[in-house]
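Each structure below appears as C-alpha cells.
Two complexes, one shared chain (chain A), two partners (chain B, chain C).
Let's look at the complex of A and B:
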C-alpha cells in the first residue's frame, strides 16, 4: 500500500513538472481549432517577437524568485536603461552616438542598478520587496527628470535593425537575442556554482549558510545578474519602439511575475527553473494573442484570463512542500 | 495581458506604489525647480500659481505644466507643479497643503485625477478663498456658476467631433472603402468613450463602405497596442486598411507592430494628442493624422483667466456660461498641414482669454 502511494506521489510529481507544458499545448490547440491561422508561420514569428522582451525580463526575474526574493524594480530599471540606450545612439536629444556600444552600456547600467538592489536589500537588511520597489521608483524618477516628459527619438537604423527589425532566416533579431539570453540563463543555472546556490538559498537559507555558501554575496550578485537582463530588455524595448521614455516598461512587471509563476516557479523559492519561465511567457503570450484571434469580447477577456491563470498555477503548483500557504 | 488579472488582488499594493512613485516624482520636480531659480521680475504678485496634473513623464502633461510656467513668468508669480501620479488622495492632499501654505492666496489649474475629485477640490479651494479652474474631468452636475466666484471655469475638449474628424482623415488615406481596426483607451474613461463614439459616428456615415473589423481597449498603453496589432495582422491580414488609435501613444505601438511586418507606411494609422513622435510619423507618411490639443494654452489659460479676475480685469461672475464651461480647439494635423503646423506652432496670447474657446460644453448622457 505504502509503495503504491509513493509511486502515485511520484507520478503526480512527474505530471506536475510537465503541467505548464500541457497547459501551453492545450491552449494552442483550443486557439488553433477556433482560428486555424494561429498555426501559421507568420503568427508564430509574431508571437515569438512579442515574447522576446518578456523572455529576457523573466530570465532575470526567475533567478530572484528562485532565491525566494522578489524584484519589483523591473519597470524602473528597464525604463532607465532604455532611456540611456536611446540617448547614446543617434537621436534627437543628445549629440552622443556610440552606436551598438550603447547595448553593453545599457546592460551594465542595469547590472549596476541590480547590484544596488542587492546591496540595499542585504546590507541594510531591507526586505527585497521594499528595496527593489524603492530602486524601481528611483529609476522611473530619474528617467523622468532626465527627459522632463519628452521622448527621445532614435534615428540610428543600425541599432534598430540589430536589436529588433532585422531578420535572420525570417526570424526577427530580437528573438535571436532573447534566445541567447535564455541560453545564458540556463548555463548560469545549470553550469555554475552560483546557479546551484540559488536553489540552496531558496530552499532553506539557514542550511545553505551552514553548508558554507556565501549567502549574502550570492544574493547581491544574483540581483546584479537579474539587472543585466533588465538592462538588455531596456535596450530591446528602445529598439522595438524606436523611442526612449520613462513609461516604456509600463506593465512589464506584472507580465513578468505572472509568467514566472504560471510557468511553475514557486514564489516561495527553491522550486522552478528558467525553462519553466520560458513556458510561462509563452502561456501568457498565447493567451493574449488567442483572445484577439478568437474574437473574445474585450469585456470578457480579463475574466477568462484570470480563470486560466489560476487553473495553470493550480495544476503546476507542488503542494507537498507547502506547509503554510500565505 | 495576464497582468490585468494579477492587478486585482494587488490593489492595496498598487496604491502604495503610486504614493511612493508620486513622492519620487515630486522630489525630482522639486530638485529641478531648485536648479533653475526663476528670474526676479519687476511685477511681483502675492498670489501663488499652481498646476496639478498626473505626471510630468507624459508629453501632454509636461507641456501643460510648461504652459502654466510661461504664464507665471509673464506676471512674475511664484509657480508650483503638483503631481498626482494617478493617485486621487495624493492629488487632493497636496492641494490642501498648498492652500494651507499660501493662506488661500492660490490660483489653481487642475486636471483632476478622477471626476469625483473635482468636487472635493473645488470645495476646498472655495473654503480657503482661492480660485480654481478644472480640466477634462468633473461630475456633470458640478458647475462653476454654482460656486461663485472661486470656481472660475472648466475647460475640456470635445472628443466626439474630434475623433470623427480624425477617423475621416484615416478613411481618406486608404480610399474610403475597406476594414479598419481600432484601439481604445481605458473603457471607463470619458475621453475613451467619447472618442469611440466619434469613431462609430464616422463609420456609420460611410454607409457600410468602411467596416470596423475589431475594437480592443489597449488602456492607453503603447506596449499593449503593439501586441494587439500583431495579433490583428494574423487574424485579418490584408483586410486591414487602416488603424484608428484613441491616442498617439497607442498609435505608435500599432505603427511599430506594422513596421515589424513590413506594413509601416502601407497601412495608415491615426492617433490623437499631437505628440512629437506622431508628427514625425505624419511627415514620414506612416501616420495619416493626429489631433493636437495645445496643452501650452490650457496650461497657461487655466491660470490667466482666474488671474484676470483677481486683478479686476474681468468679473468672472458676470461672464456668460460659455466662458465658464468651454471646449478648447483641437487642431487636425495631416500630411498636408504638418509642415505648416510645425513652422507656426499655435501661439498663446495670455490677454486673449477666450480666443480659442469653441463653445459651451455639452452633456450627452
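Let's look at the complex of A and C:
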C-alpha cells in the first residue's frame, strides 16, 4: 500500500515539474493555429524583445521567492535605476555624461537598494513584503522628486544601441543581454554556494541554520543580488524607450510575479528554478501576444493575467496536505 | 581518565518556565561511546544542542581537549570537531543527497567561486559507501524513503570524520527511532569501526541499544545528571528505574482502575476505507473502554483516527455513533456528534497558543457561552476555573496564555476542552508525547477518570508499553488493515512481542 502511494506522488511530482513547459507549448500551438503569423520570424523577434526586460527582472525575483520571501520593490528599484542611468548619459537635464559606465552604475544602485531591502527586512525583522513595498514606494517617490514630475530625454545613441536597439544576427541587443542575465542567474543557482543556500533557506530555515549557514547574511545578500538584476532592468528600460521617468516600470511587478509563479516556482519557497521562470515569462508573453493577435481588448488581457496567477498557484499547491491556508 | 575530548562543566540552561539543564557536567573520552538516557523532557536534546552550538548555555563551560571553547553556532561546533544527527530530520527534501551532506561547508569544492559538482558527488559517494547506502548522490532527497534519509543524515554527520584533522565527536540524537533492525546493526558496526578516530554520544529510548553500543551511560532526570555508570555492569531494568526514579509496576498505568467495558456500543465502524491509507476497517467501541490501536508509522492508524474525527473523509464504509449513521465532512460535525480528537501536534493543531487557558477550554463549545451574540465571560471563567481544579492544571490563572504552560498542562487544557464540549468518544493521538513523567501519570489518571464516567477512548499510544498498559482491547494495524484484535484485561495483558508480530 505504502509503496503505491509513494509512486503516485512521484508521478504527480514529475507531471508538475513539466507542466509549465506543456502549457507553453500548448499555448504556442493554439495561438499559432488561430493566427499563423504567430510563427513568423518577425513575431518571434518581437516577442523576444518584449520578453527581455521581464526575463531580467524575473531572475532577481525568482531568487527572492525561492528563499520564501517576496520582493515588491521591483518597480521602485527599476524606476530609480532607469532615472539614474538616463541622467548619467547624454541627456537634456544634466551635464553629466559617463556613457556606457552608466550601466554598471545603474546595476550597482539596484544592488544597493536590494541590500537596503534585505537589511530592513532582516535587521528590523519586518516581513519582506512590507519592507520591500515601503522601499519600492520610496524609490518611485525619490525618482519623482528628482525629476520634479518631468522626464529625461536620452540623447546618447551609443547607450540606446548597445542596450536595446542594436541588432546582432537580426536579434536586438536587449535580448542578448537578457540571455546573458539568464545564464548568470543559472550559474548562480546551480554552481555557487549562495545558490544552494537559497534552496536550503527556502525549504527549512531552521535546518539551514543548524547546518551552519549564515541565514541572515545570505538573506540580505540575495535581496542585493535581486537588486542587481532590477538595476540592469532599469538601464534596459531607459535605453528601450529613450527616456527616464518615475513611472517607467509600471506593471513590471505584476508581470514578474505572475511569470515566476506560472513557471512553477512555489511562493512558499524551496521549489522552482530560474529556468522555470524563463518558461513562465514566455507563457505570459505568448499569452499577451496571442491575445493581441486575436484582437482582444487590453483590459481583458489584464483580467486573464490575474486569473492565470490564481490558476497557477491552485495547480502548484498540494492542497491535500495543507490543512490551514493563510 | 586522560584529558577528555569533550567535556562540559556545570552547564545550566533555562527556557521560559522550565529549567532544562541544571548544573550538568559530562565528559567523553577519546574513542568512547557514551549513552545518554532519560525520559522525554529530561534535558538530553537540550544538552546535545548546547554541544552543537544551537543553544547557548546560561552558565558553565565547554572544553575541547581540555581547553575552554565557545560554541556559538553549529558551524563553530563543526570546526571544533563536533557534528550532530538531529532527532527531527534535518535533511532538506529539495536538495540532492550530495548537497545535503555538504550543506554549509561547500567551500572545499569551490574553485573560482563555483562549486565543482563532480568533485562534490565523488566525495558524497565516498561518504555514502561508509554507511552502505547505494544511491546516486545527485538524487533529490524528496525521492528517498524515510530510513534512507536518516542514513543520509548519519552520513552527513560522519563526513566530519574525513573533513577534520584530529579526533571528532559525533552526537546522535535518537538516530535509530526510524531504522529497521538491519539498519541499526549497520549503524552500530559503523560506530565501532570509527572508534579509533571518533567518539560518540548516543541518545535512544531503546535501552537495550544503549547498553549494547555504549561504554558508559549517563542517566538524566529533570535536567540533572542523576547517575553515571558503566554499561557493562548495568541492566535495562536498572536504567529504567534510574530514569523514572521509582519502581516500575503496573500501577504506573492505573490498571486497577481499568473498568470492564459496558456492552453499549458508542461508535461502530463498518468496512471503512480510504485510498492509500487504510482499507476495510471494522470495529466496535464500547462505553467506558480504552481501545488501543498499535501500528508503525504508515500502518494507517493516524489516517484512521483523522477520519473518525472528521478531519479526513473515508472513501467507503459506514460509521455509526450511538446507533445512528453519520458522515462527517468537517471536524466540527464530528464534535457535534460527540467525537473529539486530541492531536499529536499539540502546539499546531490542539491549541491556539496566544489564547488564554479559558479561551482554549471553551473553544469547542463556544455557542454554549454565548448569549445575544456576546460571550459571557463570567460563565467562561467559571467553567475554566472548575476544570483547572478538576484536572489539577498548573496555571497562574485562567487568563494565562496557554503557550506559556508546560507540555503536560497544555495537554490537560486540550482534554478539558473536549470534556467541556461534552464528547462521548475521545481519540488520543500520542497524548503523552513530549511531556514529563509526572504529567504523564496525571494524563493516565485522567484517562481512567473519563472511562469511569462512561466516555470511550481510542488511543494511539506513544509507546507500545503505554498502549498495552492503558487499553482494554488492542487493534493491531499493518499496511492499512487490521491484522489482530487482542483483549487486554487487567492482569492478563498481552506481551509486546505478541503485538509486534502483527505490526511488522
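Simple rule for what comes next: the second predicted complex is superposed on the first by the 290 of 326 C-alpha atoms of A that agree within 3 Å, B and C clash if a C-alpha of one lies under 4 Å from a C-alpha of the other, contacts with A are read in each partner's own complex, and residues count from 1 in each chain.
One rule holds for everything that comes next: contacts are C-beta pairs under 8 Å (C-beta built on N, C-alpha and C of every residue); 3 or more make two chains touch, one makes a residue touch a chain.
Worth saying up front: this structure is predicted, and the values here are computed from it rather than measured.
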Key: Per-residue touch tally on chain A - higher for chain B or for chain C   = B
Task = Considering only the touch criterion stated at the top, classify A:95 as touching first (chain B), second (chain C), both, or neither.
result = neither
Request  = Considering only the touch criterion stated at the top, classify A:170 as touching first (chain B), second (chain C), both, or neither.
outcome  = neither
Task = Determine, under the contact definition given at the top, whether A:40 touches first (chain B), second (chain C), both, or neither.
result = first
Ask   = In the superposed arrangement, which partner chain does A:284 touch: chain B (first), chain C (second), both, or neither?
value = first
Inquiry  = Quick check for you: in the superposed arrangement, does A:192 touch first (chain B), second (chain C), both or neither?
reply    = second
Query = Within the complex, which stretch of chain B touches chain A?
reply = 1-8, 17, 20-21, 23-25, 27-29, 31-32, 55-59, 61-63, 65, 187, 214-217, 221-224, 226-228, 230-235, 237, 252-253, 256, 259-261, 275-277, 280
Message = Taking the touch rule as given, give the residues of chain A at its contact with chain B in the complex, in rising order.
response = 35, 37-38, 40, 42-43, 46-47, 49-50, 133-134, 137-138, 140-145, 147-151, 153, 164-165, 172, 240-243, 245-248, 250-255, 257-259, 262, 284-285, 287-289, 291-293, 295, 298-299, 301-302, 305-306, 309
Query = Considering the complex alone, what residue numbers of chain A touch chain C?
reply = 1-2, 4-6, 8, 10, 13, 187, 191-193, 196, 199-200, 202-204, 207-214, 270-271, 323
Message = With touch defined as at the start, can you tell me which chain C residues reach chain A in the complex?
response = 52, 54, 73-75, 78, 84, 86, 90-95, 99, 103-107, 110, 113-115, 117, 142-143, 145, 276-277, 279, 298, 300, 311, 349, 479-480
